[in-house]
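Before any comments, here is the structure.
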Amino acid sequence: MVMLLQLRTWPEVEDYLARSQGIIFPIGSTEQHGPTGLIGTDAICAEAIAKGVGEATEALIAPTINVGMALHHTSFPGSISLRPSTLIRVINDYVTCLARYGFTHFFFINGHGGNIATLKAAFSETYYHLADLNIPNCDRVRCRVGNWFMCGSVYKLAKELYGKEEGSHATPSEVALTQYIYPDAIKTASLSPEVASGRGIYSAADFRRSYPDGRMGSNPALATPEHGRQFYELAVKELSDRYLEFLKS
Amino acid sequence: MVMLLQLRTWPEVEDYLARSQGIIFPIGSTEQHGPTGLIGTDAICAEAIAKGVGEATEALIAPTINVGMALHHTSFPGSISLRPSTLIRVINDYVTCLARYGFTHFFFINGHGGNIATLKAAFSETYYHLADLNIPNCDRVRCRVGNWFMCGSVYKLAKELYGKEEGSHATPSEVALTQYIYPDAIKTASLSPEVASGRGIYSAADFRRSYPDGRMGSNPALATPEHGRQFYELAVKELSDRYLEFLKS
Amino acid sequence: MVMLLQLRTWPEVEDYLARSQGIIFPIGSTEQHGPTGLIGTDAICAEAIAKGVGEATEALIAPTINVGMALHHTSFPGSISLRPSTLIRVINDYVTCLARYGFTHFFFINGHGGNIATLKAAFSETYYHLADLNIPNCDRVRCRVGNWFMCGSVYKLAKELYGKEEGSHATPSEVALTQYIYPDAIKTASLSPEVASGRGIYSAADFRRSYPDGRMGSNPALATPEHGRQFYELAVKELSDRYLEFLKS
Amino acid sequence: MVMLLQLRTWPEVEDYLARSQGIIFPIGSTEQHGPTGLIGTDAICAEAIAKGVGEATEALIAPTINVGMALHHTSFPGSISLRPSTLIRVINDYVTCLARYGFTHFFFINGHGGNIATLKAAFSETYYHLADLNIPNCDRVRCRVGNWFMCGSVYKLAKELYGKEEGSHATPSEVALTQYIYPDAIKTASLSPEVASGRGIYSAADFRRSYPDGRMGSNPALATPEHGRQFYELAVKELSDRYLEFLKS
Amino acid sequence: MVMLLQLRTWPEVEDYLARSQGIIFPIGSTEQHGPTGLIGTDAICAEAIAKGVGEATEALIAPTINVGMALHHTSFPGSISLRPSTLIRVINDYVTCLARYGFTHFFFINGHGGNIATLKAAFSETYYHLADLNIPNCDRVRCRVGNWFMCGSVYKLAKELYGKEEGSHATPSEVALTQYIYPDAIKTASLSPEVASGRGIYSAADFRRSYPDGRMGSNPALATPEHGRQFYELAVKELSDRYLEFLKS
Amino acid sequence: MVMLLQLRTWPEVEDYLARSQGIIFPIGSTEQHGPTGLIGTDAICAEAIAKGVGEATEALIAPTINVGMALHHTSFPGSISLRPSTLIRVINDYVTCLARYGFTHFFFINGHGGNIATLKAAFSETYYHLADLNIPNCDRVRCRVGNWFMCGSVYKLAKELYGKEEGSHATPSEVALTQYIYPDAIKTASLSPEVASGRGIYSAADFRRSYPDGRMGSNPALATPEHGRQFYELAVKELSDRYLEFLKS
């Protein structure tokens, strides 16, 4: 059974710490995913996979970070983003709290490419901050990002199923995964067969000019819930292995 | 049916904005709730009630803010907190993004007393920040907190059921509500009949000295899932009315 | 005789610390108080009462924080405000300096409702910050707000004298207190008998639309210096008791 | 009669703005001034002189900034300081609020050498910040520091009266001025005839090692209230001229 | 001839802007590079290549950012690093100043892998910040990183010359480049044939434990100045092409 | 031979620290210097003189801080500035890194008057920050600014050569120094014989209105490379003496 921090008591966490110092944070985003993709896609995928990994590895799963770094999507209604400097503070606060109790291995299962750079910056800022505090073993703290969509097995399947119609945002693979998780929330819309790609990512206004319906080179109409199930299983398997290996480091 | 931002597309949000400029944010905390209370209690309660309010009022529900201002609980393993200055930035970032699309009424359904002061500070900071931007109608933005546990009807029932054993943290009312929502996660432990109360809230170290098992004057053993259902219904009713009234302001 | 930090030498403070670790900060605001209320009302009241409490309790009185959190008043000329995030830093800096010398009990005598939320957020931020430093006894630091206008005896008298014409900003009670303190600075103006109330507090522009002359439901024309004397004495009595009790905690 | 912002109403400020866009801020410090100097010396002097200047020039006087940049004094009990980065935010917040109403000339009458650098940094930060806002005439805002103790006439008199015993901190001139203002708060102590000087100003711990009783090369025992009167008059005269000239710029 | 901003006048910059809105920033780091690598390696390489690119493309070259994000190296004497949150502010300040004059294309020629994540976070923060200002065309601003050591041609040559002895820090390729640029500053030391690799990058203390002499899997003894020349020419060629293409976007 | 940190290895820095704990930072600015002055003037001068001082005193020279506090110049294309609050963080980060290795004496050879205030504020902020860390001898850290253009001998020569045509920005003395260092980058332009002076320094827009071609009361046409050589030698001599004296403090 998956062990969610939210559904545990503090004495149970104390017990957990006696046998493991690892914890998993699902981190997603709240951002447009094209005409048919769910705004919560990245958080939904990260959370589902994190729970799967938690089940497989008996890891404690922290509450999902639903809002990440998605400033470039903020010309599309409904997108919410933290500034990178805010997200750095958030990660620093989270890890510092938990390091005081003895947690040392923080694994972020990530559903959004736009989070990666800021997460890495946040890890550096956090290690440095911890060194100034008087926390035993704080120089043993290690953070790592596991991007489900960049798992080798996931990538391979996406290429097989969709070829270049996978694109790079509002992709059929992530849409498929949300269809598997929320079969009642499958959306349809007439998607233009022409879809912009390769125009870079800069300001929010520029992004909307470059990618008018929010997709980046993708054809999410190819997604099916069954594909989603396959992606889910591959990602859980691969990230579980990676988490266990990380724990040993 | 409840309308979750996470399960919507951006064109759907655009449609929603044409008929309403209100949005509801559940905000909780990730903090110890005594020997038997769930660490996620405040987030779980806020989220469940917010969904109920969303159903009743057709309001859009934003993703839950799971981690709030709980620094005083951070001597108990598993508690996670933002610093107030971080939470102010988070709220500012959220509201600023959404104000750009035309949202004007932000209703925070809150499950944690410790969030209230920082939320109010954040609202002031945010209004002032918005005034510096070039957003149409930004001086019409209004934020409000609705604390489910301070609803008159909830308070009255808690007094009837538990008298002074309601206490002020890890209360039977909030525990009951989590039991109603997660009947499979009901915890038991032998609770000392003596429970500290009235010793104030200062630093985390001081808090643990004052309230050794985390409870503040409460007897959560009195909670039942059926009580939880009653609290849920009262809170949903009262906050739904308040939200609709807020929208008109 | 009242003991003002400003009129003491550092060896005198050293002596004081040997017998008490408490200090009182008057905190007010610099903001419009309607057509006849003084812009310094909140600071003037807090300072006068703090001096009275200092006399009664032999407490050291720190210099008055004249400018607080009054962003919502900044559409009326003369109002000055800190952003909440600035005020949090100010309080943090003050308390941290004094905690290094051994002060542990910080009592803020407050004259402005708008300060309360930010002060509470600042206290949490400060306790947490202190825990990271190497200050002996820093986890014993305790901060508390005493709002003179919310003292039971003050509230009761205001209701007796003014009923609902007390209102909630530019109130006859606070105006009376400034008249008692500065009898030469009593202002008159023709006040509209209709006065806005209950329209909430949001942005500065919104505030001025809601409350065009700056009053919130009040009739300050009812104030007299003699009323002011009574409020002064009640507040000094009640807050002196509360301070002494706080010192014992 | 001196015109204190604290004792004015907002309509009076509106009237004032119609004829002048200047305002004077007294700024001091709360810091040790040797065995006999008052902790509030710098704020007391700045405030008294600012009121004198206000009387002479009909300028509006803002509330005194009592706590400044005195980190190097924070090894002596009772000293309170803002960090430079905090003081920069405070000045920015003050000036920004007032610039919105139409104030353009901000004159800081300063009693503490340690404030000068941070004030100048704050002015630069503030001009730049204002340029980002949509405030009419914000690029006309001008801030200036007037240090009473660096007035030519003050400096000359101090040299005549005290020669090199004037020193550079806890000086007889500033002590004399406080004696003139608060004749009831004159302190005595046996001062070592040897007094450290010329050892630079670095960290707080270093400062106390260098200047064990807090004085820097000064003999405050030479001060008299009558000297204080003379310093007061010279400073008021010189700074009044400078303020009027500044207004014309 | 290369056009260095430092050696130009402001009217020359005005002329330049009439024909190009691009500018190149060399960015490096000041950090240990093993027993024989120069502490300035990353800045030296980035600057030299940027000048080469400037010559080839007639681009304006901004002053080198010598200190970057190298917190993980700060257990080795001489390393200097900005925190990520500081570097984000630095980049934001630089780009904002230049965007006001009309620059729109910012190309960062980077010599240090540790800068990449923070640079990307900084770009996002900056675009968002610019959108709040009233700068014409600010939503056309585009920033891009060009890492010389990740150029395809450079990578290929390094593999050919050094195979897996290239490693990932204090690499023979970057050492060779500094030898070509500063032939008088070639260092030798007896390098242990065993060199740590693959142990990840976490805190500074951890880094030094993992990589005791500072190298990460590399054998810098293989470097020659002639290799350096080849790397230089390949990188200049490839980044010049990329800059010209970027300008067109 | 001058010892540049950039051209050293970490073991060499370790050796250096065994015999000296001093380090020199050249700090300049990137800002307009009138129609003929180089934008890099302040950094070029500071760097050249610092190298000279390094040669004379065997001090380690850190990489040049090229961009300083020049917000008032940012209405002239090509000027780049940090905000004071950013520069404070930068200095804090630099000094903190190096203090961990044992450096205690930080000498900033400065080429820009506009940096002075912010540098002093930064030093105070840094000492205070260091006191919170667990660094041995951190309370021995000392920072000092040496402004080459304010050296007595430099000032005297400038007065002899140029009288009041020296002015205060884009001065012939600094231009002469850059001509000596970069004889190939000497610029000419027809300079108006009338040049603004004495109009103060406020916002960037105001600065450009006051000083339309960027000069402040100066006639840089008087500069010659030979003058530059003389300024160089005087400044190196005087600052070398001052650095050695500083080391002893």
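Residue numbering begins at 1 within each chain, and the chains themselves are lettered A, B, C, D, E and F in the order written.
The rule we apply is simple: a residue touches a chain if its C-beta (ideal position, glycine included) is under 8 Å from a C-beta of that chain, and two chains touch if they have at least 3 such contacts.
Since this is a predicted model, take the numbers as computed values, not measurements.
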When you check each chain against subunit D and subunit F, which touch both of them? C, E
What chain lies farthest away from subunit C once each centre is taken as the mean of the Cα atoms? E
Residue-number overlap at the subunit C/subunit D interface, same or different (half cut): same
Can you name the chain that lies farthest from subunit A, using the mean of each chain's Cα atoms as its centre? D
Using mean CA coordinates as chain centres, what's the gap between subunit B and subunit C in Å? 29
Between subunit A and subunit C, centroid-to-centroid distance (C-alpha), Å: 46
Need the CA-centroid distance for the pair subunit E / subunit F, whole Å please. 24
Indicate the residues of subunit E shared as contacts by at least two other chains. 74, 83, 85, 89, 132, 134
Complete list of chain pairs which touch one another: A-B, A-C, A-E, A-F, B-C, B-D, B-E, C-D, C-F, D-E, D-F, E-F
Can you list the subunit D residues touching subunit F in their complex? 69, 71-72, 74, 83-85, 88-89, 114, 116-125, 127-128, 130-131, 138-144, 199-200, 202-206, 249
Under the stated contact criterion, what part of subunit E meets subunit B in this complex? 132, 134
Could you pull out which subunit D residues touch subunit C in their complex? 4-14, 17, 30, 32-40, 43-44, 62-64, 66-67, 74, 76-83, 85-86, 89-90, 93-94, 97-98, 100-102, 182, 185, 187, 189, 214
